[in-house]
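Just dropping this structure here.
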Amino acid sequence: AEEPIKIGVVYKQTGNPFFEAAVRGFEEASQELGFEFIHNGPADSSNEGQIQIIEGFIQQEVDAIAISANDAAGVVSVLQTAMDKGIKVISWDSKVLAEGRNLNIDPSVAQNIGRVQVEEIAAQIGGEGQIAVLSAAATHDNQNTWIKYMKEELEKPEYDKIELVTVVYGDDLTDKSYQEMQGLINSYPDLKGVISPTTVGVAAAAVAIKDAGLSGKIKLTGLGLPSEMADFLADRTCEGMYLWNPIDLGYVAAYASVAMVKGEITGAAGESFEAGHLGVREISDAGDGGTFTIVGDPFRFTPENIEEWKNVY
Amino acid sequence: MASVTGKLPAFLRRREWLLAILVLLTYFLFNAQRPDNYTFPKLLNQTRVYMVDVGFMALGMLLVLILGDIDISVAATAALSATVMGVSYRGGEGLPFWAAVLLMLLTGLACGLFNGLLVIRFKELFPMIITLSTLTLYRGIAYIILKDQSAGSFPAWYAKDLGYGSLPLMGLEVPIMLLCLLAVLPFYYLWLHRTASGRRLFAAGTNLTASRYSGLHTDRIKLTAFAMNGLFAAIGGFFLTSRTGSVKYTIGTGFEMQAIAVAVLGGASTSGGRGSVAGLLLALVLLTALKNGLMLLYNDAFILNLSVGLLLILVVLIPNLFQALADRRRILRQRMQLAK
Amino acid sequence: MQEGHQTAREDLILEISHVTKIFPGVRALDDVGFTLRRGEIHALIGENGAGKSTFIKVLTGVHQPDSGTILLNGQQVRMTDPLVARRLGIAAIYQHLAAYPHLSVAENIFMGNEQLRPPGFISWRNTRRRAARLLQSLGSSIDPAAQMGELSVAQQQIVEIAKALSQDASVLIMDEPTAALSLTESEELYSIVRGLKAKGTSVILISHRFEDIFSLADRVTVLRDARYIGTWDIDEADSALLVNHMVGRSIDRFFPQKTADIGEELLKVSGLGRTGFFQDVSFSLHAGEILGLTGLVGAGRTEVVEAITGVTRPDYGTITLMGQQVRFTRPGEALGRGLALMPEDRQKQGLLLPWSIRDNVSLPMLDSCRKHRLLSQAHINRMGSHAIEQLAIKARSGLDTADSLSGGNQQKVVLGKLLSSSARVMVMDEPTKGVDVGSKAAIYQIMCDLAAQGFGILMVSSEMPEVMAMCDRAVIMRQGRVSTILDRADFTPEGILRASMPLERKEETPA
Amino acid sequence: MSTRQFKPLRLGRLLRNRELGLTLVLLALIGLIGLRNPAFATPGNLQFILGDTSILIVLALGMMCVLLVGSIDISVPAVMALSAMTAGIVMKNNLVQADTQVLVDGALTAATVKTSTPLPLLLLLAAGVGAACGLLNGLLIAYGRVLPIVATLGSQYILYGLSHLISGGQAIYRKDMSDAFIQFTRGNVLGFNSKVLIMLAAFLVLMAFINYTRYGRRLYAVGSNAEAARMSGINTRAVTLSAHTIMGLLAGLAGMLYASHDNKVTQDMAMGYEMYVIAACVIGGVSVTGGVGKITGVALGALTIGVINNGLTMLRLTGNSEFWKKAIQGAVILIAIITNVYIKRAHERRVLRERRL
């Protein structure tokens, strides 16, 4: 019998529920397609840890590697050696630079991610006032891209009365993000809203706002995990936030990997592949020298729908 | 019978033997579990992942540990040096690559020297405390230099051939990086174990006061050890960067603990005066064999760390227990003679 | 009260028989017996390393004996740890200061015997008050709140005594309590001890000073080479008898005849001073001369020689070595210029204990053991064997580790290190401290030989017989200053002692 | 007794009082940062810093015990993680949700009430797990004669691994926490954050223990001169063991504070925190060689770290670059400990000069 296809899944960090959910997407797909997969992530969300894991996967002769990279540039070399050995490389969630991948699966169009958060906060604060951004680390590519699009969006005339006062960084550490949020509260008494496009940051910001007794006075949105943010949506510290569905993300990445291993696609722009119950995905040019496809639009979580999602991921 | 049990601990007290046995055990254990993936050639290929950069850092750390000191700023030193290299090379638009590398080594040396100066100037402070603050300082400087950027686009021979290339030797594909480490080891060994300055390092670590009274220039010895540690950290950073292909200020985070673990596993003691190159090499091999095997079997980073922690404690603890047992037995024997 | 030699059982507070104590490789006590009567002062004497301190530690539960019995008030007791001994009323002042340098004087006195107040918290007020009272009763005005580590050795010794007294013990053991004390301080201690005796306390006193023994003790016991030699009433013993028993042979040929001629000036020190340690120290040393530097413990002699040899840096004054003015920043520099220091504490400063003899001996001269830039084991071996031969070190081979050697042989290894260098001036700080008799004589012989070869030797020593027999001249220090310099012809025990005794300090006497 | 001799000594003690010096440094820091960002020096923010630093202080108190006996513990954050994770899992598994109505602004509003294992039990559990970890460290160090750095480096790896294993990779979130636990570090009593109150309680208990009980003083005795301690009948190994156990216990407690404060327990919780704890102790005047250190100094040292961290956040908000933060932090710590050295040296010189020769 022919050897089953084997996929190595690398994520940013072990024990992060977002990635646990993504692995569930791979699981679903593997039941439908009958491939094998192994998954692993470093304990400390380091680039070096991911390299170790990738080398381990090469050693185990996987057919494809699907990675959410901690450092877009830092894994390029090792992934190139993988590709030299005929291994297909798909990045998902957090991309790898074009020269180190065959295809990138974006959860959503970066521009949209930036836009919806600005729209959300504008709606919440009533279209005027000071806002701030609480980001992860100043070194995170996806964060910086989103913030860039947020700033572009804020240029539009309808946001004239909104002032982005500062961008601060919580390094994806809960206590540091909390401190930064507290600093924002103290330093900008007129602050109306905060966007935190990181799950750690938005949760810490919610705690800080609630602790300061400012729930509802400082509005909050961002990209948050339903399981982590459930209580804050319920008590309206956060009235609406976004995230894509990590299960779908894993699911699409799995389908793309299998299609590529089978030779159905090469990852070139213009190709398309069938992603199970999510339908056909078009591959297009990403503008960074590589190609990408997207999973869908960011999903809006609200106090109304959070109950059904909080135990999913 | 008494003599057999009496000899066993003495045998196990040679760390090198204990490590060698563990290496073989680990290899055969995992090889039996994963006969197709966990093979010698494949393990050899993995050495570049687990052995080389940490190995160079451990070589530096060993010097400091032999002195009875510790340096936890090595990973930050490596990061700062790599940053300097990346920024000065600027993807080919800056300095020529050799100059960038030279600058990198000098940066490492300077960081080490600065640590060393602080250590000999402020003897009241523990090196651990000093290097704790220089750790933050060095990485902080790297952060100031690189900000949120990464620097890369290194020459292909560096990022590809050195980082991932291997040479065929006796029918095996040996990573070039590993060859670099192995090429350095004999010189390092000779220097540490066979020259006067190496000997003085051990002397200073065994008893600093007595060494000073014996005429050794203990301050200079310390300074040299810390400076060389900085240099080795930079070399470690050099090889690490050849694998990552680019530099961020976070590069090598946590490697200081790995370097300490390797050196301690290899027989160095944080109280000074002990350490061997052979032990260090064996410890590196053992960790490679173990980590890679665990990686294949479990694919779980935490289990990997847990096992390394257990190994570290057991390898240090077991000889201590044997030693205590041997001491007790010795006194008992004398007491028995007394009774006769 | 005491009638003759025969003592009734019930008169004995302590009765120790057949005690043996073994350390790995050393038998420190071998079948030792000892009795202590109620209310007597019993001196325990013996050469360095005879086992006195070990005996005390066995008594106080610090060490467990390997065999033997201890009867306290006729009842067999087992001193399983120091707390048991304390509870049974045995208090001790140990030879090596058992102080906590970072803690206050008061706390040092009451550590382990805290002054509690309900519900079991320490009362610092009582602690300080009682400490002050105790210290006053010792005629000292040490501030109970002062930090122990900042006191002088003598002051620390007084605190230790106060600590022992604070326990109201029925048996008080003192291991060399007067070693660092001034004459008045000693007198003060004598009267306290006599007072205790009058109250019925029994005292075991270890001392190398015969004055202490003859003015205090009722009986005296001699230990030699870990064995019990005998016990004498004080009035039937004299110092010659005791010394003979301690040493085990008559000692008229103990010190060698010194034949060296005095040559040119090698070392000259003038106006040397180091803030807080010593002041105005001037003397000179000539080739072929053995110059003594003596005084009481804590007089600052070690500090002086360390400042000369670059261990520390003097703040004032000049040092002239072989005609050139020098100032060293480290001992290695001094060694390179021909000035070698044999430090006071051979275990901490002199030797690398885990290292072999040959490695220790070759350490200062490693650069000369090279062949093709690498170390030559053969050369190192030769150096080791040479030292063993030249100094008659008792060892199986040069590979024996330093910590396996006896004190005297360890000292010879330290000496071997110096001899392997090219020094002309040797500074020896207490070269025979803690060294057995045989090695002592050997070391004296070596010193004389060196002097004969034209070396200049500066010997720091606390032992008066040694100074008197060995030195051509003696510099006598007290309280960090040179009190006088005597020529050999002018040596008298009284003269040296008088010059060493600290001048009484006004504020040291209670108001 | 002449008082003439005593006077300079008392003055000296006042001058060398590092607690005073540290307080001055702290005030100077607050003033300087406050000049750049006025929002920093407000009572509200200072109170926030105090609350935020409470956990650090609790840990530093434990670390002080360990350092006093001449040992060190770098497994602290792993102990925190394991304890909090254990308690968190128990809490999650026993969580009961009930919809009720509560009075908000005079109107009945629907609310969900989450109850679980009683908070005291959870705290006990976490403290117990922490103490057990500390005990294990202590056993390795005191009885296994493994050097403290090596032993606790190893146990750090092991304990983090264990907290991962028992959690099965699942973090504990706010939704898994009982209301009592969430409110644990949020209640305000007499205008003080309850974290501050808990820290004060720990501080007072430990101060009583260390300064007023014979067992507490033994920590100093062992660290100051282990040989002497042994000779006066102190079981030095047991003392080392208890120091580590205290550290573990406090780390367990701190883990709960941390978890409640963050509303979250992850298996990599507080990674790297041990460095701040050690730095706090050293700035507070604890000697790494043992025997020296005061509890007030440690608290001040931790506060200094807290002020530096918060101050850097606040400074940055006024336009200073994010990228300078880390370097400044390292430099400030370095300068602080070096200043300490110079102060101590000056004092030693003065003592020497005052000696009579």
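The chains carry the letters A, B, C and D, assigned in the order they are written, with residues numbered from 1 in each.
Everything that follows uses one rule, which is that a residue touches a chain if its C-beta (ideal position, glycine included) is under 8 Å from a C-beta of that chain, and two chains touch if they have at least 3 such contacts.
Since the model is a prediction, treat every value here as computed from it, not as a measurement.
Peer 1: What's the farthest chain from chain B if centres are computed as the mean of the Cα atoms?
Peer 2: Most remote chain from chain B, centroid-wise, comes out as C.
Peer 1: Centroid of chain B to centroid of chain D, CA atoms only: how many Å?
Peer 2: 31
Peer 1: Taking each chain's centre as its mean C-alpha position, how far apart are chain A and chain C in Å?
Peer 2: Each chain's C-alpha centroid was found; their separation is 73 Å.
Peer 1: Where the centres are mean C-alpha positions, what is the separation of chain B from chain C, in Å?
Peer 2: 44
Peer 1: Can you tell me which residues of chain B touch two or more of the remaining chains?
Peer 2: 147-148, 300, 302, 305, in rising order.
Peer 1: Of all the residues in chain C, which ones touch at least 2 other chains?
Peer 2: none
Peer 1: What residues in chain A touch two or more of the other chains?
Peer 2: 14-15, 43-44, 138
Peer 1: What's the complete list of touching chain pairs for this entry?
Peer 2: The complete list of chain pairs in contact reads A-B, A-D, B-C, B-D, C-D.
Peer 1: Could you pull out which chain D residues touch chain C in their complex?
Peer 2: Counting only chain D, the residues touching chain C are 1-2, 4-6, 9, 13, 208, 211-214, 217, 220-221, 223-225, 227-235, 287, 291-292, 349, 351-357.
Peer 1: Can you tell me which positions in chain D touch chain A when the two form their complex?
Peer 2: 37, 39-40, 42, 44-45, 48, 52, 112, 160, 164, 167, 169-171, 173-175, 186, 258, 261-264, 266-268, 271, 309-310, 313-314, 316-318, 322-323
Peer 1: Using the touch definition from the top, list the residues of chain D that touch chain B in their complex.
Peer 2: 72, 140, 144-147, 149-151, 153-158, 160-162, 164-165, 267, 275, 278-279, 282, 288-289, 321, 323-331, 333-334, 337-338, 341, 344-345
Peer 1: Which of the residues in chain B come into contact with chain A in the complex?
Peer 2: 37, 42, 45-46, 49-50, 147-148, 150, 152, 159-160, 163-164, 240, 243-246, 248-255, 291-292, 295-296, 299-302, 304-305
Peer 1: Along chain C, where are the residues that touch chain D in the complex?
Peer 2: Listed in rising order, the residues are 57, 60-62, 81-86, 94, 97-103, 107, 111-112, 114, 116, 120-122, 141, 143, 145-146, 150, 275-279, 300, 479-481, 505-507, 510-511.
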